[in-house]
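Each chain gets a letter, A, B, C and D, in the order it is written, and its residues are counted from 1.
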C-alpha cells in the first residue's frame, strides 16, 4: 500500500537535500519520479536548491487553486498537465511524488496528496517546515500532521547544541545595523522586508521570546 | 533535558494501557509520577481505564481554564493544588507527568506542558487521539503536533488489517436498529446521543465517506 | 505487504503488556491472532504475564529445533500443529503472529519469522530484550536486528531518570544478605542461582561496571 | 546527555549525504565537528563522497587497532592526534563526532564511540550498512545495534518499489559478460574481484537466493 509521508523539520534541517537524495535513489534503480513545489515558494524559481550545493528543476509547481490529483495525473501520463487522461504506452509509471515546501499547500491540496497515495497507489514524500516563527503550523503542515501515514522528523541543532524545535525570525535595525529577534508579523515575510531565521530549542526560544509561545 | 512527548493514535490503540505501563515503570524504580486528565473527559470519572482491564485514579483533573503549570507545581509540592509553593522536605520530586486524553486540553494548556518539560525540567508524556471522525485535529492534539519534542505513534489496525489512520463515527438508526457511518455532527458527541467509533485505514475511510475528507 | 517487527527494549520496559494490547486490538476488530513464546522461557509456563497484571495463554511454544513456519501453518490451519496442511474452511485466517521473549529464538527461527511475514503474508510482531547483562545480544535479538523490517524501541527509565539502555544482574551475598552487581556469568542465569536485574542508562552502567562494556 | 546514534541502511540509501548534511548543519551554526572513517574503507581515500556529488575530507581515519577515545581527544584538542592532552585555549570544543562506514569498526571501537558520547559528553553520529550480501551484520554494525541509544533507519527502495531490506552482490561472468547474483564469498570483496551490489526487499531477495537467508 502506498503511503503519504510527512518529513518535517525546523528551517535548515536538510529537507531539500533529503528530497533530492530520495529522488536520486529512485532514479538510480530505474524508476521515474515527479518533483513538485508550491508556486508561492519563489525561492529558486523552478528549482529545488539544497544548501549543500545540489539543485534540480521541479516537474511542476502548484498554485493555490490547483487540484493536485489532476495535476499529478496529467504529468504522470506525459500529457498536457491540464488534461485528465490515462497513461500513454511508453511512458513509465510514476514510482513516487516528491513535494518540497509542503507547508505552503492548502489543506485541500494535502487531501489530494493522501488521495494520490491511497487511490492512485503512488507514494508521496512531502517535505516541509513544521511551524512558523511564532510556533504555529502553516496550513499545509497542520493538515499533513492530521493526515500523513508517517511523520518523520528531520533534525537539526540549536545554537546551544540541543535539538532545534522552533524557528525564530530576526530583523536588522536600520539605524544600528544590529539583528534582533522579532515575534510579531505575518507568517510569511513580505518581499522587501529583510529578515533572517534561525532554529532554536525550546529553552532558547522561551528565553528570547520572554516566555511567550505564539 | 526533559522533553514533551506526544504519543498519539487512533481510538482504541492502547493509549491508556501505555500510560499506565509507563507510570508503573517509573514507580517500580522508586520514582514518583503524577497522572492527570482533562475534566471534560467524563469517561471513568477520576480513573484512567484501559480496555485491557487495568485502571488507576488520576492525581488531578484539568478544567478548561486551569493553568497547568500552577496545578502541576501545587501537586508536585504536596501542598494545596491552588498554592504555588516550593517543594516541601520529605516529598520526593516528580519524575514524570503523564496526561491522558490530551486532545481535550486547550492550546494554552499544551503550552503549559512544554513549559513544565523545558522550565521545570520534568518530562511530560501526553497521550491522545490525533483526529476526530472528520479527520480534523482536536485543539489539544493540533497544538501538541506543533510543540512536542517527540511525536510517537501508537498503532492499531483497520478492519482490513492495514494500519488504522482515522476514526469514524457510527449511529444506530432508531427505526431499523442498524448502525451506519455518519460524517456530520459535533466533534464530541453530546451526551445522550448514542454513537460508536471505529478506526479505519485511509482506503476504508474514503470508501465509507464517499471520497470525503473532513 | 506484511512485515516483521522487532519491538525491543531493556528488561521491564512493558514488552508483554504491549504484546497483549496488540493482540487485544486485533481481536476487538474480529481478527484472529496466534501467540507464541520459546519453550526455554519457563517464566509463567504457557502464559504471557505482564507486570501490570494481565496474562494470557499462548497458542504454542517453540522448542530450539522447531521449524516455526511449519508450526505456524499447523496452528493457523486449525489442524494438528505438526501437520502441514492448507487452511480449513471455517477457520478464519490468522491476521498476526505475536512472539514474546523472542531473544531466545535461534537465528534460524528468526529467519522463519521473516518467511512468515514475506512468504505467508502474515505480519509478525516479535517482542524481546535487546542485550544481556554484559551488553551482548541474545541469539534471537542479534538476528532480529539484522532481519526485521522495523525496529521499534520500548522505553523504560534508569534509576537516574534517563532512558535505560542496558540490563544489569545483581546477586545477593549469602553472608551479608546484600545485593551487588555482577558482570560475570552465563547469559541466562541457571535455575537455582538467585539473581535480580535492573535496567540502567549508559552512564550508570559504566559507573557500576568500572568502565567495562561486555 | 549526549547520545550515540546509529543511522543504518542498505547500500545506496544516502548515508554519506546524510552525514555531510549533518556536519553542514552544525557548522552553519558556528559549531565544530570532527569527521572520521575506518582506514579499511579505501573508497575515496580521505574523502567522504556522496553519490549526490558532494564530498569532504575526513579529520582522521581509524585503523583496526586504534583507541578511538584517544584519537578523538587528540583531534579535539588540536594537538598531535597521538597525544592525550586537555583542550587548548582557543580551540573550540567539538560539538559532534560523525563516523562514516561505521560497519567496519571493530566492536571495541564501537564501545569507544559510546564512551565518547557518555563520558566525554559529545554526541556521536555513526552511519553504516546494516548487513552484508548474505544478510549478516558487519562487526561494527552488530555492536552498534547492541549499544546505540538511538537506531534510525535511512530508507531506500528495491527494484520493485518496496523498501529495500538487504544488499545483494552481483558478479559478471567473464565468458558471457552477464551479471548474476552470488551468495557465496567473503564479507568484503577482495580488491581485483569485480562485483556490484544492489539493495532488495525481503521478497525479491528470497526469490533471487532461492529461499536462502545467510
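By our rule, contacts are C-beta pairs under 8 Å (C-beta built on N, C-alpha and C of every residue); 3 or more make two chains touch, one makes a residue touch a chain.
All values reported here derive from a predicted model rather than from experimental measurement.
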Same or different contact residues where subunit C meets its copy subunit B, judged by the half mark: same
Whole-Å separation of chain centres (CA-atom averages), subunit B against subunit C: 28
CA centroid of subunit B to CA centroid of subunit D, Å: 40
Junction residues of subunit A, two or more chains touched: 1
Arrangement of touching chains [line / ring / star / complete / other]: ring
Subunit D to subunit C touching residues, read off their complex: 1, 4, 107, 111, 114-115, 117-119, 130-131, 135-137, 142, 145-147, 149, 151, 153, 162-163, 165, 201-203, 206, 211, 213-214
Contacting residues of subunit A [partner subunit D, same complex]: 12-14, 17-18, 20-22, 24-26, 28-31, 51-54, 95, 123, 156-159, 161, 198
